[in-house]
């Protein structure tokens, strides 16, 4: 990959994340809350704990975790209509909400959680590419705080460990033939291939979603992108640990 | 009003505002943006400018200003359903969006604005009473920035003054018989009478909305509440000036 | 107010109501029903009593009163779309429905009502300004009949007095600088300031909603408008008494 | 039919209509308006004329006539939810709106009407069976007035005759084995067979809708019902003529 | 009817049905399923049995049968929007779903069915006129299979006979003055009068819906059409018997 | 993979597809139509060509291809509600519709297509796992027929080649530790990892969507699954060629 010495729009190297911050305790009401930023992408993640589970899960002894993603109308360069005003959730919103939920459920032991529900709300305050990966990364930290709260409040049994691991996510893509980590918006719109990867803290995959935006991609390209993503997620895992360990 | 020596929940005197902050430039995309806080109430206000006006106003030579208000699901103590998920805007949301729009239009000279539209989005990140009055107060500052941007971009004619004044808003109410300024949530739920007042910077009224939550209120009570509100708005006007002058 | 000798569109003096009629028993099905007219504004108000209360109020021993307002599509000069066809309740409809509900609840003793619900439907058959104030004034009379029905049917305890007073409403506004009582449509569209005032029969306020349509209004103007409104409500209270006493 | 000497609930003979009234000019805004009553069934019909036609008919030189039917929530014995609140038009409402539109279009010469649209709104104020047939009968009279208005306003060419005939409708049914004309609600719910028939003033059929509510019906029963319906429509035609001729 | 020697578009005689097929067992999941074709009109009918009934019928000891009709977007010559995408069921769809439900309920003994529900889904795969009549005819066969399944599974009591007869439906109409049986699409759009008739296997009527598309129709025309329809339904009844007896 | 000698539910080997059929010309109306089956999964795919493109693409000289996926209510073992009746498209439906559209667009040269739009409707008649991959595979064949039709009708320029390749899709997953190709429903619900892979006919990837349903999956597992998927798509490509070449 000889192109890799071409500097990126924001001066990063191809395998470099944008600055990542995870500010906890951003809401006085929510059981867990994090303002996560991947560069100029800022997502406000809250975790709301309620006793009980949806009807279809009652009596199972198991909890539930779900997520809702949304963009504020002017989180983007051009104002978008509110989905509440249109009266419908768009396909992209649905898709991302479902992705976030699946990603977090991958590290939850529902028996240990008991019949409690955690809803993760991920509201994009400012978008600059990678909002879904920032949301997953931030929501995990909010979830960790919410689970700790539930343990303290004895909603969860004393020695139960509802979280089986950590989860983070990052985007990768091929732009002008160069594989790049953590695309910003300008890179994202120019990418020939775009992939979102969700990893656990042991480097395994929870979700791999690669899409050819232009030409189809080869097995070799896929492999290079996966390498980059695994590396990026390891760094995000470190950022989560640092943020959560700061208590 | 002998009760006035009873300290309020948060230690304020009856005629004291909560700490007010107006942080400008909170969005890299919006033409104007302000994070306003009235104590623990935090509202993110963005002003989006677009050339052109709604169909019914085309060719009039006049601009338009409108607003949309929304609460994030966990901005409150208990998580609320998203209106986008329910597929409907609730009555309260509609009512407040309309109020904010009317309040701001009261200080706009639409001829001077020309055929441009400004949409104010007021998203409540955290609620602790007075979200609509904080929204109006913050949205005015975001609007002022957006108008300045439009002037710089020559969307508005050189010497045009699209803003004819400033506007701010505050809540007042009677709690346990004591008239109070700028109610926090706990005071709001206990108020017998609740009033939202929108003033211009010359102390006149744009909107007066008083509601008896318990017993009807007398003309005297109304007068005391209006006095408090006018005083509060004057202070908010000062906070706006300071924030906007800080450039 | 030297302008007051300028005759109004329909020949009234500034402080004169339009002819008011309250025809009871306009529906054979409803527990209370009134066709109210304020001049050419005609609103059909029905009160429907059902045993039981909404879920959130069950077991409280208290009743509930709510209202729904709607305009027939051709109640106005130009036909409007049906909200049922559009699939959404508009903001104005929501706002007025909520106002009517609050106004009536202000004179209800919910303990005395017991766990019964009264729904007031206010359907505008013909509009000529002041539809919401006519609706409140007529709905009160329908409510009074419905409560009497409930007492007769023993749904309400023998000596319970679910109504703590009467309530009526009127609009006031400043047109060409002259404060006017009970605006008709043509006056309403030209008003600089428009206010709707809801009073109890002892002259206190349940709701005061003043809006500057053009220039902001001063404290003095507010006071003159309130004087007019209180006077108008007193007359409406008389009309209600006469209609209800006619049994 | 030996049962025919058994008196009906309201004392009518089997082949007797309820008292029919058609009050014209019930709205000051609409181009045509009629309050029609078939006994206790009362439907408010307005005809709204607008220049122009729906997009799919533009440039055809032909007009259009359509109808919307709705029941006020407390027009029935038990209050029904508003369709606007539910956010959907129910199947029954759709079906009846379409029936009314088809019935009226059967007597319209769209070339003669020119590119004008007439919308018939039929709002049921009080229901006691036969609301759709009363609506058609009343809407025809409102349409006749609207067409006359359009002729006077020169929207329709001088010698054009947009109406090719008159149309009216009535229900018939078999109750306890007896064929009855113009069923009231109590008869309607007990009917084994229920039929709505729309006739032109020359006694031909525009619409015949017969439904077996209980057992299927025979050809003979169908014939008896059609005889009754034709007779009833002839009387309704007379009532329309009288109402329209009274100008 | 001297026109009857004019051959139809597809060479049929005026009183001839299109080729009818009823293929059972078209779904491996549904309790009853039939692919019915009337010429090029193809409707996929499934019958789904569930224990229990809607809330309003609980405890009655009686079952329920309902139907939903829908057209695939490209079942017609020009692609139509999906109703799910528009977010609303159209009036025509509502009307036909209700018709199918009523037609089938006419031959169900709900006591014998017990508290079970059968939902008939009729999805039009290809449309060429007569989709509603094909749907009724096919849905009856699917219902018969579903009832047999329920009897085998002991959901229905041993000797209960939930079906009191068979039901089928056909369209008839007058095209260029000639009464025709079972109209294809091209005939349907040219028909002056269009009628859908639902008969039981003993030749009585469940539903008769005749509509004048052009000029009103006379009693004589109605009679000729009914004769044709009765004859057509008798043949459809034969086709159902043959299909159901083939087990 | 020592488990690979354990026979699958339906007797297949781990790397064996279910029987695949592609029946073309299943609709007389659509420009392209295919009934595709992967074992018991049956999807009816139609391609509808219209001249012109959506507004945002007008004047670009480029065409557009989009897709809509839906399941008939009883395509599954238990009847599901219709999305049209619920008034909303569910998240899963949205997600799959978007996936199909992206997959097909990957092999379209929009310049060569010219300003024409092709809509692919994929309606699941019977579901047994892999509905989205069957839909993509069948929709490609329908698209190929539709493009040929457009060429014949001269909607597309004489020598233009709107299709740059073929596309097919298959699911793979790990069940009880064994990587399997083309999961049926029973395998799908038990899969620890589930992946949908869309390939072009040259073996490159258009879309890779892998999801850990249970434990996260390793890089090695991912590689084995990709090997299986590539092999499966190559066979599906053969089936498409055979079906399309059969003309």
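As written, the chains take the letters A, B, C, D, E and F, and residue 1 is the first residue of each chain.
Please note the rule applied: a residue touches a chain if its C-beta (ideal position, glycine included) is under 8 Å from a C-beta of that chain, and two chains touch if they have at least 3 such contacts.
By chain, UniProt protein names: A, B, C, D, E, F = Ribonuclease PH.
This one's a predicted model, so the numbers in the text were calculated from it and none came from an experiment.
J.: Could you give the fewest steps needed to travel from chain C to chain F through chains in contact?
T.: When the steps are counted carefully, the minimum from chain C to chain F is 3.
J.: Mind listing the chains that sit against chain E and also against chain F?
T.: Chains that touch both chain E and chain F, as defined above, do not exist here.
J.: Measuring centre to centre, with centres taken as mean CA positions, what chain is farthest from chain E?
T.: Max centre-to-centre separation from chain E belongs to B.
J.: How would the chain B/chain C interface be labelled, same or different, where same requires over half of its residue numbers to be shared?
T.: same
J.: Roughly how far is chain B from chain F, centre to centre by C-alpha average, rounded to an integer in Å?
T.: Chain centroid spacing, chain B to chain F, equals 51 Å.
J.: Just how far, in Å, is the C-alpha centre of chain E from the one of chain D?
T.: Their C-alpha centroids are separated by 28 Å.
J.: Report the inter-centroid distance (CA atoms only) between chain C and chain D in whole Å.
T.: About 33 Å separates the centre of chain C from that of chain D.
J.: Can you pull out the residues of chain A that are in contact with at least two other chains?
T.: Each of 87-89 in chain A touches at least two other chains.
J.: Specify the contact topology among the chains shown, as one of line, ring, star, complete or other.
T.: Contact pattern: a closed ring, each chain touching exactly two others.
J.: Since the chains close into one ring, what order do they take if you set off from chain A toward chain F?
T.: Ring order, starting at chain A and heading to chain F first: A, F, E, D, C, B.
J.: Applying the document's contact rule, which stretches of chain D touch chain E when the two form their complex?
T.: Its residues touching chain E are 88-92, 94-95, 97-98, 102, 106, 165, 195, 199-200, 202, 204-212, 215-219, 222, 226, 230.
J.: How about chain F: which of its residues touch chain E in the complex?
T.: Per the stated touch rule, the residues are 27-30, 33, 40, 44, 46, 48, 50, 68, 70, 72-77, 79, 82-85, 87-89, 93, 119, 121, 123, 125-128.
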